[in-house]
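Shared between the two complexes below is subunit A, which has subunit B as its partner in the first and subunit C in the second.
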Partner chain A sequence: MFITFALITLLGAVGMLLQKNVIVAGLCLVAAFFGVAGLFVLLANPVAAALQVIVYTGAIMVLVLFVIMMLNSHEEEKAQAAHPIQRWVSVALIAALAIGAVKLVLASPGLKALAISGAAVPQAMTLQKVGFTLFADHLLGFEVAGLLLLAAMVGAVALTKRNL
Partner chain B sequence: MDMLASLLHMTPAIFWMVVKVVIVFSAIMLLASVWTWVERRGSAMIQDRIGPNRAAIFGKIRIIGLAQLLADGIKFFFKEDLVPEEANKGLFWLAPFLAFVPALIGFAVIPFGKSFVSGGVTYYLSVLDPGNGMGLLYPLAIGGMAVYGVLLAAWSSNNKWSILGGMRAAAAMVSYEIGMSLAVVTIFMTTGGYDPAEVIRAQGHLPWAWNIVHQPLGFIVFFTCMFAETNRLPFDFAEGESEIVAGFNTEYGSMKFSLLALAEYSHLMTASALVATLYFGGWQVPFVQNPTVMLSVASFLLKMLFFAWVFVWIRWTLPRFRYDQLMHLGWKVMLPLSMANLVFHAWRMSQGH
Partner chain C sequence: MTGMDAILQGGLQGYLVVAFLLFALGLATVLLRRTLLLQFMGVELMLNAANVALLAFARFRGGDAQAMVFYLFIIAVAACEAAVGLALVIGLFRHRDTTDSDRAAGLKQ
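This part shows the complex of A and B:
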């Protein structure tokens, strides 16, 4: 199961990068999002999987595809002046990110608990638990994120609608 | 049941799962195709016509036009499968499936009857057992996926009418999803759970304890949003004969068109099942404390088919909206109403009701 979902995610991501047609690339990204949702389910976190599908595939990607179709530019445009240095910088950044992510995972307490035999199996995540965690442990972050999104929304409306 | 399972070299659990999947999906597909007939006969009834009544099996058996279904199916199968010259072939093929599959699998979490115990094992009458952790987030997630079918069908046909229809449909679906989700969140809040089984249990068997009585505003918002989600009249902006020909399915013919049509009706079935589950007590039978399994299934089916009929009824009763009116209604009426509903119930709960 893990291999299946991991393959869907990876192939989707690679397909998105290689595909020249922007719409098909967007669909590949949707496939990758589904793979990630499947991985969330395997990690006993169906809530994250559902939210991933609702937010990313159901809303964000639809809007992105919508805009692409509206602009009617189906083919990727050639860069005006290709800088090979950009490619190397991006590769280096991705490598740094990957190393950081792997380090974080290896240092996580969940992984250590796996080594102890007979440790309690973690309970599946529920919406109630997500709510408690958000409003009890991460209240400040939650409110700040909410405010930020509100500001972004007001900014977008103010930018596009000059005379309300 | 166990014997049958061992005959097929399956564990009883897997066998039961397969049985459920087959029953649920074939039932929805059957109901969806029957509903194309209900739609035509119903519209004829409302408009004082007769409707399709000529098709007959072997030229004899007419069964009030039901043979029309068979005739349509056969016709669709044998029609030439045309693909426009400049269409994106792969996506043109994929789009009907992307429309049909989400419409069908959205039903998976909805319990269509009371669970029963047989041989010490509890059998749940829903494809995904309760406690799967997805609960009612699942139909919302899958409902969001339905946009892709319409959007891709529209774009891949390479036809300006199609893409206009697809754009309108996508914009409407995304806008109405917010109001709908907030209405569902209110139910999560008052129930204290988000599993459909919990929502049904919390409503009980007395009709005045159902969510429709407590949250009439939420019901109105949810039901209206369902019209936009399923792309039904008065909100069917994916199509529009007088403006954009047949909209997103202009270029579709034969079985591919049939799949798109079936997707719409399967979506309608799932939507009515959701309305019945969320606001009308699901499989609960009014005034019956402990209904038998068969009775509960019958009660659920009755509620579901009633709402499916209301969808047809409203389609042929109300005139169409204009596109800007639809957007206005979605953002400036449905969303605030939904929020007011949420805040009101949050306030009531904080007062200890």
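This part shows the complex of A and C:
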């Protein structure tokens, strides 16, 4: 099961990277988000999986697809100037980062110990547990997050309105 | 479970490898594509990679609920980023009639 969802996620991400049409790239990203939601289910965390589907695929991606269709920019515009050196340097750096990170993960003895000590599947995460932790330990952060959302809403309206 | 086996069977290392590869793919999208909307999607993907790593660690530490709280905060920040970022893209499109980041390199028109 893990490898299926991991492949859905990674292939969706690769599809987004390579796809010419912006809308199809967005739909590839939706597939990747669904794959991540599947991974969250395998991590005994159905709450996170539900939130992932509702917020990312349901709200954020719909907003992005709305904007793509509103601006009518389905295709990537022609490049003004080719930047071959920058592109190859960034490809090499990203490949080095990915390979280095994977090697580090596989070589780390601490992660190996943690994987063995935590191998037993814990009780599934419940909304009740999340709520207790959120409102008992992180009430201030919760309020700040609410304020941040309000500020973002006001900012988005102010930025898109033609004459305020 | 060690090495290749852990990756295929879904041990902690497997989830972390997926998270790192997702992050690399998101970064590649931001660096290699020119359309601002696609770069924005790449940023969302990088945030998601962090979520995968966070919740994988939480599961292997016995179902820690603190990670869920941080996941909620990351989602809230991602939603704010989506709203403001898309508003900025729309503003740029109104002023310059483009969504290409190369064409928006200068501050003055």
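We adopt the following convention: the second predicted complex is superposed on the first by the 113 of 164 C-alpha atoms of A that agree within 3 Å, B and C clash if a C-alpha of one lies under 4 Å from a C-alpha of the other, contacts with A are read in each partner's own complex, and residues count from 1 in each chain.
Keep this in mind: a contact is a pair of C-beta atoms (placed from the backbone, for glycine too) under 8 Å apart; a residue touches a chain by one contact, two chains touch by 3 or more.
As the structure is a computational prediction, the values presented were derived from the model and not from experiment.
Contacts of A:M125 after superposition on the shared chain: both subunit B and subunit C are touched.
Touch criterion not met for A:L11: it reaches neither subunit B nor subunit C.
In the superposition on chain A, contact is made by A:L111 with subunit C only, not with subunit B.
For subunit A, the partner that touches more of its residues is C, with subunit B and subunit C as the two candidates.
Contacts of A:V47 after superposition on the shared chain: both subunit B and subunit C are touched. Shared-chain residue A:T160: touches subunit C; no touch with subunit B.
In the superposition on chain A, A:A31 makes contact with neither subunit B nor subunit C.
Legend: residue contacts after superposition of the two complexes on their common chain; A:V91 is shown touching subunit C, with no touch to subunit B. When the shared chain is aligned, subunit B and subunit C each come close enough to touch A:L63. Subunit A residues 44-45, 47, 51, 59, 63, 70, 124-125 lie at the interface with subunit B in one structure and with subunit C in the other. Within the complex formed with subunit A, the subunit C residues making contact are 1-3, 6-18, 20-29, 31-35, 37-38, 40-42, 44-45, 48, 51-52, 55-63, 65-66, 68-69, 71-73, 75-84, 86-91, 93-94, 98-100, 102-103. Across the complex, subunit A meets subunit C through its residues 1-3, 6, 9-10, 13-14, 16-17, 22, 25-26, 29, 32-33, 36, 39-40, 42-45, 47-48, 51-52, 55-56, 59-60, 63-64, 67-68, 70-71, 73, 76-77, 79-81, 87, 90-91, 94-95, 97-98, 101-102, 105-106, 111-112, 114-119, 121-125, 129-130, 132-134, 137-138, 141, 145, 148-149, 151-153, 155-157, 159-160, 162.
Within the complex, the subunit B residues that touch subunit A are 88, 90-91, 132-135, 137-138, 140-145, 147-148, 151-152, 154-155, 163, 166-167, 170-171, 173-174, 177, 181, 188, 192-194. Residues of subunit A that touch subunit B in their complex: 21, 23-24, 27, 30, 44-47, 49-51, 53-54, 57-59, 62-63, 65-66, 69-70, 124-128.
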